[in-house]
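Once you've had a glance at the structure underneath, I'll fire off some questions.
Chains: A, B, C, D and E, in written order; residue numbering restarts at 1 for each.
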């Protein structure tokens, strides 16, 4: 009964089945909302974070979500700036994903911060040397740009198309979209880097401290590379998942392969850079800070296997798979490789956040562990549910995959 | 706040030398500091890791196999000369005051993002995880010279800045801009039963703390990290100096 | 943040950082401003309808966007880049000049494959026709092929006299079952009189500019166009759930859309009448 | 034929009330006027306690400012009722039970601000009117208006909603302190004024 | 003409309103005010209630009686510090003292007198309480010895103790003091061995070069806070031979064990064997000048006979301490005299058995740490207040079921005298009166609970620690108003005795008059530390004046004990001593893990003090390490 809302030529399930699909996520949303209310009303003692683990699950998943949301800026960059027309098929979905990842990350940051009502202090009294200031500025600007990129997709929907003045605005916006893509790339370059810089500048923790190239630590560039690599993989992964769930052909296979190729080469460059950086870090930077590299991995929960897992198993293997023509040809391998790439980036963010704070710094420190409380997990699932809900609604009522119409004709 | 160009006031670099041979880990410094600086008493569910403690005393055991001895190490904020917390705070709630060398933690501008806590290698910063409450009317006994911090903000040792402000006001009333050092003694220095903590201006070569700081038995925690802390420790025991000035002992 | 804030640090790093930030904000603001300004200008100049047509034209499938000269074989396989605005197209002007060289081809037969396409009117690619009347007004109606396909309509929404329609913009809407389809207008002007499916025209319009119908089909293009539309119908009907289609020969049904299941009717009519 | 509103008119229909609310209504609603517990006239007391401020508001030897005199100082002259109703209220409400008069301090800075009078009076030698205005000659205590949201006195932000300062004492926020310190060429750091 | 409002108009109006709002100060001022609202602390700091003053007083939380300087704004106490020049505490105070000003507001502070009976509790007014206690005293006086009065004094030597003894004497009852704990037991054991029964001994750690603690937490600040750590760190400047070293003999790795220069972990109960083993090594290897020892003591050969069976081998099998360690310790003590050996308690905190105290006393005599000039254990006078009224008896000597009325002093802590020791003494229908300022502990068992004064509420003379090297006296000044339900125990007892029509014997002169009359000692100013001899004072009032301003009277050193101390106390024989030491059995409580050893103070911890137990790792109880023998 909501056919007039669905774009002509697209086939969607019936409304009751769609609502049935939304129901669990809505329940998750409600549970998450209750956890967030508790964190605001009772305070952050609801979480298992403490004075040693100032950053917990939320900051870790913020970083991961923003890294995976980088598909928006990179796809936009390839399409509008490098004029790779085939990406037109997934750019709308990438923009929606990017918007959801960034808005979700900012939402969870508002819960994570002790005094959210003072968030504007970072703008009014900025400390230009702090990486977090740069992240805050760029995150908010880029969310604005993403909203501007998301607006045309919404305005072209069947119902809103009748508002002629808005449609004309959308048409004009579409013409200047390249500018927004360029601005988005500029902003993403800085805040993905600054998220990496967050840990790289910490000379208090030899485990995360990195020597700097120019004014930024090397993790600045590693985070950009890994985000740019993980972005397209995540877009590829989500497109494949959506097509499996909706049992529809959404994009031509060569679009996914192109995304895989781009992600593969970038991942290869990232793995190379990560390797070099790790060698410099283990053999030069840490010893100079008076710490033996072996001590980083001397504790049972984080052995050297975690470095091997992150760089080789979840870094080199997917990179080689995605780079080789034959592997990309088989969709199963393509999807597996991109999933591994995404997990590699997620593991890197985990190591930077949790292991940095777990390792002792003072001689009489102990290795401490941390596990999130239910409120923390529920609050994060709130963001995941929010993402899935808005994406599902967008997929149903907006045209996220223009090629779906032709593909539907067979 | 960047000082504008004008006749610069005399520079002080207040610092401490803590004698680890004297400290018995009795915690008088922690309690005195909490009374002086209105640090909230422990709420119901606070633990060793979520409590607000401005000077935390930890036990460091002799790492040598036969060693059964321990020393107790009081760790206040080290008031670093190159503070890792100041350069990471996104809204400049942390500021190394060039005139006194004290690293100010301005709770009213603090967002509670806790990045400074992650950056500090000395774990000298505590977060108000709980709402500060004073039971049974002890709120009337709070120190009027120190403002209470709010839930959701970070706080740390300020070298009893309230007492420095009172000393400067007293000196000003007598018409001078320089304080009498005897008027500015932090609460932990005053309360330590073994008189293990010596406090003073490291910039003044004649001060006791500067003399002790120059001695070979004095060392800093985590010297190689480049934070240049102004709190030094000393001990006649070689094993103490060896094990504590080393950044990290890897215990498998 | 602002230079006159009390705790503003006048250092190069501050200027660099805030400079970059304000630059980004300025770029975003000006781009938005430019887009908004252009949109405002378009709306005030009434180009909203054409803009809508431009948007819709992009979403049409390829076979619906063939150039009129590709129909007649002069430029085989060319896709119209200008959303059927032939008046401004120099390729069209050159071909028309050549075409005027050779004598007017034989006037099209009035009935093509059993459909009535009178030659006194010009045909819009969206299956509306426009016939200039003596009194200077232009009558607009639905061509025979589409009326056969559309068949008996539940309702027709016609603009009242005094309302304006713009070329390629919506002229009138057809309702049949769950299908809601708009028919594109072949001419820009103000509606004088409304006809209806029963009468021989739907609208009588007084055109703004003297009607020349440059972008409309006439002459021998019509036949080629109807033949191409016939093939496109097969493709449209062939959609994911194949519909029993006319293989070859046989008399065209009077009301084809009746045979199309209701769920599919909206898509079929929409694609056929170029309403994405 | 219905009257169709032209675009600018409906836009203005939204703009005007918003501007009026923001500029006129909001400043009035934001502050609540709280009457002082007792009427007090500096003028009337000027002859008794001497015309200089530090007769009653003295600076202690340890640099702590005595602020408003305690009820014992009032009891000195006002031991019994008589004179004005204000004095009766003072004696009955505060002098006999020995309770402090809960004066509302218009110039009270927020809780986290440390304002030492000592350097301003003894070193900078500023006179009181520079920050407190001509209260010395006022006939009744300075009216106290509390900001309903932040709970602070209006004198911190100042009478004008956009902080247009007619004279030096119209508003004492951080910006005012810093401007004065910069003019005086003093270095200022957070811990100088925050506690 | 109807107005045709389309959606477009509403949209335009909304944008107009938004633009208007942004162009007005409303949103910006709102955002700023909300931020300022978040900056207001939930608990605003109080305005100063008056000028700042450092008020001198004395801490009454534990017998050491440290000099305090309480920083008050007007009359509101804000923080507490030690008096820099105070002779008793040397300017130090312990964490409990730092929160003394919070104690009067503690939730466990009893605020009204209560009468407990079968049906529950009922609050009593002051005169109702006086009447009730008066009746009880009258009943006790009438009943005579069986069913009579027993007053248990938590801290003997105070002016209040004199009143307790007077009331006990008047009512024909008994006046008991709790058993001495820690180093005081060793001093008591030594004084039992001297010919002069009333010899009181004190310990002056400054004179010692080796301190051996058998379980006493001296390095944890027990006794005078920070004294031993200060002395040891001060001695680190001197050449290696001259340095003060501390040896901790304890079954668990307590904080003192961790801080000590050497830690020896014997099996609990085998302390006596270890002490005798050391004595045997001292004697066998001729490390001592036996002639000097015999000149000052008697019964050396008896002690030698008792120590004979304890060869280093036997000692190591009994206590698990390697033989070499025993020999090395003995040689080290001999080489670095004067050394002092002090008993403390077993891991469970209960006092050491008598045979161990005897062995330690013998060891002290061997090492010459008693009575000589410059020796750590010195003779001292009893205390300023002259003894009068009922003589103090030990709780052990009170026959069971003989007590009709039991009066418990406010400073009696349940750790010193558990209720299980008092219950058997009570007659069937006995009445228990508690003067404790706190609910809980012994007060819960009291039929009649009349709350006394908490620290900083008490005023009056406070004698120093009975184990100190010299008697001291300082004055407590009331800085905090006590709740109206609380009473001053001295005044209350006098009124109750009058109500019971008891004729009190003449009270001894006040401590100040006693000191002035003795013309002994000097008054040291608590802040500057300069002394004025009592002889030079004009009147007791002048002395009181000096004490009121934070001064502390210190007695002159007592003359050396005339008689020779004997190794074996009357009733002890060499065989009984060695037999007891051989049958080393740990006290049952010692088997369980050791308890965290807080300073023996009756007051419950203030909320800020619980910071140490809940938010730091300082107070985690030590873990038993030594091998236990079943």
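The criterion applied here is as follows: contacts are C-beta pairs under 8 Å (C-beta built on N, C-alpha and C of every residue); 3 or more make two chains touch, one makes a residue touch a chain.
Since we're looking at a predicted model, the values are computed, not measured.
With steps allowed only between chains in touch, the distance from subunit A over to subunit B comes to 1.
Most remote chain with respect to subunit D, judged by CA-atom centres, is C. The chain with its Cα centroid farthest from the Cα centroid of subunit A is E. Annotation: 31 Å between the Cα-based centres of subunit B and subunit E. If you average the Cα atoms of subunit B and of subunit C, the two centres end up 76 Å apart. Subunit C has its Cα centroid 41 Å from the Cα centroid of subunit A. One inter-chain figure worth recording: subunit C and subunit E are separated by 100 Å, centre to centre, where each centre is the mean of the chain's CA atoms.
Within subunit E, the positions touching two or more other chains are listed as 34, 37-41, 44-45, 48. Annotation for subunit C: residues touching 2 or more other chains are 5-7, 9, 11.
Across the assembly, subunit B contributes residues 1, 46-47, 50-51, 58-59, 61, 92, 108, 131, 146-148, 150-151 that each touch 2 or more other chains. Contact residues on subunit A toward subunit B in their complex (touch as defined above): 43-45, 49-55, 112-115, 118-119, 121-122, 124-127, 129-133, 136, 198, 201-206, 288-292, 294-295, 298-299, 356-357, 360-365, 368.
Every residue of subunit D that touches subunit E in the complex is listed here, in rising order: 1-5, 7, 10-19, 21-23, 26-27, 30, 60, 62, 64, 66, 70, 110-112, 147, 149-152, 161-162.
On the side of subunit D, the complex with subunit C involves touching residues 174-175, 178-179.
On subunit E, the positions that touch subunit A within their shared complex are 31, 34-35, 37-38. Across the complex, subunit E is touched by residues 115, 117-118, 120-121 of subunit A.
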